[in-house]
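Below you'll find a set of structures to go through.
One chain, subunit A, appears in both complexes that follow, with subunit B as partner in the first and subunit C in the second.
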Partner chain A sequence: MNTDGLMEMSFYSATARRRASQLVDPGTFSELLAPNDRLVSPHLPELGEAVSFDDGVVTGVGRIGARPVFLISQEGRFIGGAVGEIHGAKMVGIFRLALQAYETILDREGRVPEERRPAILISFDTGGVRLHEANAGLLAHAEIMDMIQETKGKIPVISLIGSKVGCFGGMGFVAAATDVIVMSSLGRLGLTGPEVIEQEIGKEEFDASDKSLISRTTGGRHRYIMQDCNVLVDDTIRAFRRAVEEILALPYEEICHYRRIGTYPLVQEQMALVQQAAELMPGDSMDVWRCYGNDEPELLPEWELSEFLCAVRRRPKEVP
Partner chain B sequence: MALNHLEFSYDGVAGASIPADWSHSGVVGSGDMEVLLTRKAQGGKVVVKVCTPVCGFDQVWDKVLAHFVAESGCGDLVIEINDNNATPFIVSLRLQQALSEARGGDLQ
Partner chain C sequence: MEQMIGRGREAITMIVDPDSFQENQVGGVSFPADYGPGAVVGTAALEQQPITILAIDAQAVNPRFPVVYFGIIGMEEAYKMACAVYETIQADRQKPVSEKRPLLLIVDTPGNAPGKVEEIYGMNKATGAYQLALAEARKCGHAVIAMVIGRAISGGFLCHGLQADHILALPKAYGTMIHVMPLTSISRITKIDVEQLEVLSQENPVFAAGVDFFYQLGGVEEIVPDPGRMRERITAHIAEVKALKSEGSFDRSGPWSRGELGAVRGGRRTRKAVLAQMESEFSAIADKYIK
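Coming up: the complex of A and B.
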């Protein structure tokens, strides 16, 4: 099989399983709780809804160089990648394994060498809680947030967002709590999804069929300008993989500087943003882009990514 | 309301199974399905287990599956399908893809 060709493949249209296996060194990916384990949702059959042998998430472990990399890759085509009981438990299980790997190295060697420090990658493709099993899904979100706190000071957690559904609902919070967010221009990140906003407030407020509007409001380029996304890459598995390698090559302390929330100064920075939004009263994302010094904001979505990255003016960071 | 579990059995070709113990293919998207193939020596028999939200299409399943087993010349297999409203054409296509991936063909 020609793996090079697969790496050039669009991240956006790749299945969860392919994303997971291609993000680590060739031949090193082992899926855990694979379809063969037939761990399907206990709730969906009661509702007459189709089940999947992996419950919509691929979990496993691989290597990048000498580093053990623990992967979570969601499949948006199965119920919008929504997180149910099994799906969430599999995610939590990966966090536990990664932390165990860290503790094992620490116990055995007294320290964790940077090049072998375990890492967690989450390839999001989800609308958040699976409403068919809402309580279990919400609980899973809470558990995952707990696990992310457990990783702090130990192992990096990197979010990859560039799949069809994007990353919305409770999983938007989860992504925000990770150390680094990598997106493509096609990636979308937010809390309330476009369709939900339209349903709740009306089409005049937010037209969910307006793809350009959605992209301007939740898309990778907007998130990059706002500093919600740390690294913006092309829509190929290879580009995501390269970004992950570059991030993991940094010492852990430096990776932690990518965090967008989680310290008092960062909270103050977010509060200043709220204040700024209240003063600016933007009617569209482009008003905000202009305010950060992009004189022709309407051109920003049109440019090739390389041109965009050269020319764009991002929100100035107050916390270095 | 509950999901339908259908089971079919066909006479296939003895020894015409897949190289690995099992192989998985496909995604349970809307109008799509996944296939889990498991190697099992059972005198050439092919057992198919279908889990689907759709009612009343047992005979269509039977025809499509019988045709697949005869056409592909497979055997000694357990085929498990999680279906989400796939049409008969998609079912045929996904089964062919599953078998060719299991036998090391190029991915899709």
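Coming up: the complex of A and C.
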């Protein structure tokens, strides 16, 4: 099999399983709770809905170099990648296994060598809670946030966002809570999805049919300017994979500096941003881009990625 | 029965020692009175011991952010509560677990702010930041108790409630509401007939709305029979959580423990099977990955 060709494949249109297996070294990916385990949602059939043998998420483990890498890869093609009881439990399960791997190495060796420190990758493609089993999905989100806090000081968690559904709802704050966020320009990240804002507040607040408005408000380039997205890459599996390798090559302490929330100083930095929001009350993200010194903000979405990365002015970070 | 919805401030008075609540004072910080008006933070005494209060004022309107009113948690509100949590952690940093002050969340919120400005600046970060702060407080030994007195809806409940060690709720008869979305909205999004959803909502705890179903799922530790007993039950739960943490048991309260409780109460059985299966599959191949 020509894996080079597959690596050039669009991340946006790749299936969850392909993303998971191609993000780690060739031949190292083992799926955990694979479709042949036949553990399916008992709740969907009660509503006459079809089930999926992976419940919309691929979970497994692979290696990058000597490092064990635990993977969560969501499948937006199945009920919008939404999180139900099994889907959520699989995510929690990956966190448990990664943390146990860390403890195992620590117990055996008394320390965890950088090159073998376990890592977690989450490839998001989801709108959050699955309404068909909403309560279980909601409770799973709380467990995942608890797990993320548990990883702090131990293992890095990297978010990859560049798939069709994007990353919204509760998963929007799960991604925000991880250490590093890698996006493509096609990636979408937010809390309340455009349709929900339109429905709750009205079309004058947010026109959910306006694709470029959605991109300017939630897209990878906007998140990169705001420093929410740490690394902005091309829409290929190879580009995401390279970004992951480069991040994991850094000492863990340095990876922690990529965080946007999770400490008191970072929260204070975000509060200064909220102050700016109150004063500026932007009608559009372009008002904010201009504020950071991008004199022709309307051109930013048009540029090639390489041009964009050279020319863009980002929000200055206060906490080093 | 008299409902408690919209009465977060009164609930504080009903729970803490008389005249002990100092609003906007937490640890070394004094919050400006008009900042994040939907969130009420401060320090009170409960049985003469200090306690940090994090409540929702569902009468308040945020003059700076038009979509933040009547209990909706906006960016200022979420960050204000996150700060109050970090200040609490700092204030008791040198103290042993048994002396770390508890945090009490009084829950009555319809959700996080759904606006364009919120999305531009990142409401996901604000609610995420507050949740991480609460989880940190819990893990470093503070008892975190949530008391649902009104609405605990979807992302609002995740933000303000579901990171607690123990969650208590008033019964449905007091107007308490715990759910993700009204059936009419679920019907519109899932394209499933509302009649069919109504049938399911009578019996399936994974889907149905309401305090009793969340209890079955392990999402609520205890239903407190009436508001007059909130003070007593909160005090008891603080003592229980403190005892667990003092003996080093940190996984017998909080979101993970509620997952286990969901299996015990029979409302959430599949989760446990998933975790067990993943663990067994990984242990068979672990040597390939952990050298």
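The criterion applied here is as follows: the second predicted complex is superposed on the first by the 320 of 320 C-alpha atoms of A that agree within 3 Å, B and C clash if a C-alpha of one lies under 4 Å from a C-alpha of the other, contacts with A are read in each partner's own complex, and residues count from 1 in each chain.
The definition used in the following text is that a contact is a pair of C-beta atoms (placed from the backbone, for glycine too) under 8 Å apart; a residue touches a chain by one contact, two chains touch by 3 or more.
Being a predicted model, the structure only gives us computed values, none of them experimental.
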>> Touch test for A:G169: subunit B only (first), subunit C only (second), both, or neither?
In response: second
> A:N36 contacts which: subunit B (first), subunit C (second), both, neither?
Replying inline: first
> Counting only touches as set out at the top, which of subunit B and subunit C does A:E46 meet: first, second, both, neither?
Replying inline: both
> Which partner, subunit B or subunit C, is in contact with more residues of subunit A?
Replying inline: C
>> A:P301 in the overlay: touching subunit B, subunit C, both, or neither? Say first, second, both or neither.
In response: neither
> Does subunit B (first) or subunit C (second) touch A:T15, or do both, or does neither?
Replying inline: first
> Touching A:A277 in the superposition: subunit B (first), subunit C (second), both, neither?
Replying inline: second
> Can you pull the subunit A residues that subunit B and subunit C both touch?
Replying inline: 46-49
>> Applying the document's contact rule, which stretches of subunit A touch subunit B when the two form their complex?
In response: 1, 6, 15-16, 18, 34-36, 38, 40, 44-53, 56, 75, 77-78
> For subunit A, which residues are in contact with subunit C within the complex?
Replying inline: 30, 32-33, 37, 39, 41-43, 46-49, 59, 61-63, 66, 68, 85-86, 88-90, 92-94, 96-97, 101, 104-105, 116, 118, 128-129, 131-143, 145-150, 152, 169-170, 172-177, 189-192, 196-197, 200-201, 205-206, 217-218, 222, 226, 228, 260-262, 264, 266-268, 270-271, 273-274, 276-278, 281-283, 285, 288
>> With touch defined as at the start, can you tell me which subunit C residues reach subunit A in the complex?
In response: 64-65, 67, 75-76, 79, 82-83, 86, 90, 112-129, 131-133, 135-136, 139, 154-155, 157-158, 162-163, 179-181, 186, 189-190, 192, 196-197, 200, 204-208, 213-214, 217-219, 254-256, 258-259, 262, 268, 270-275, 277-279, 281-282, 285-286, 288-291
> Can you list the residues on subunit B that touch subunit A in the complex?
Replying inline: 1-3, 21-22, 24, 27-30, 32, 34, 36, 38, 51-53, 80, 82-85, 106-107
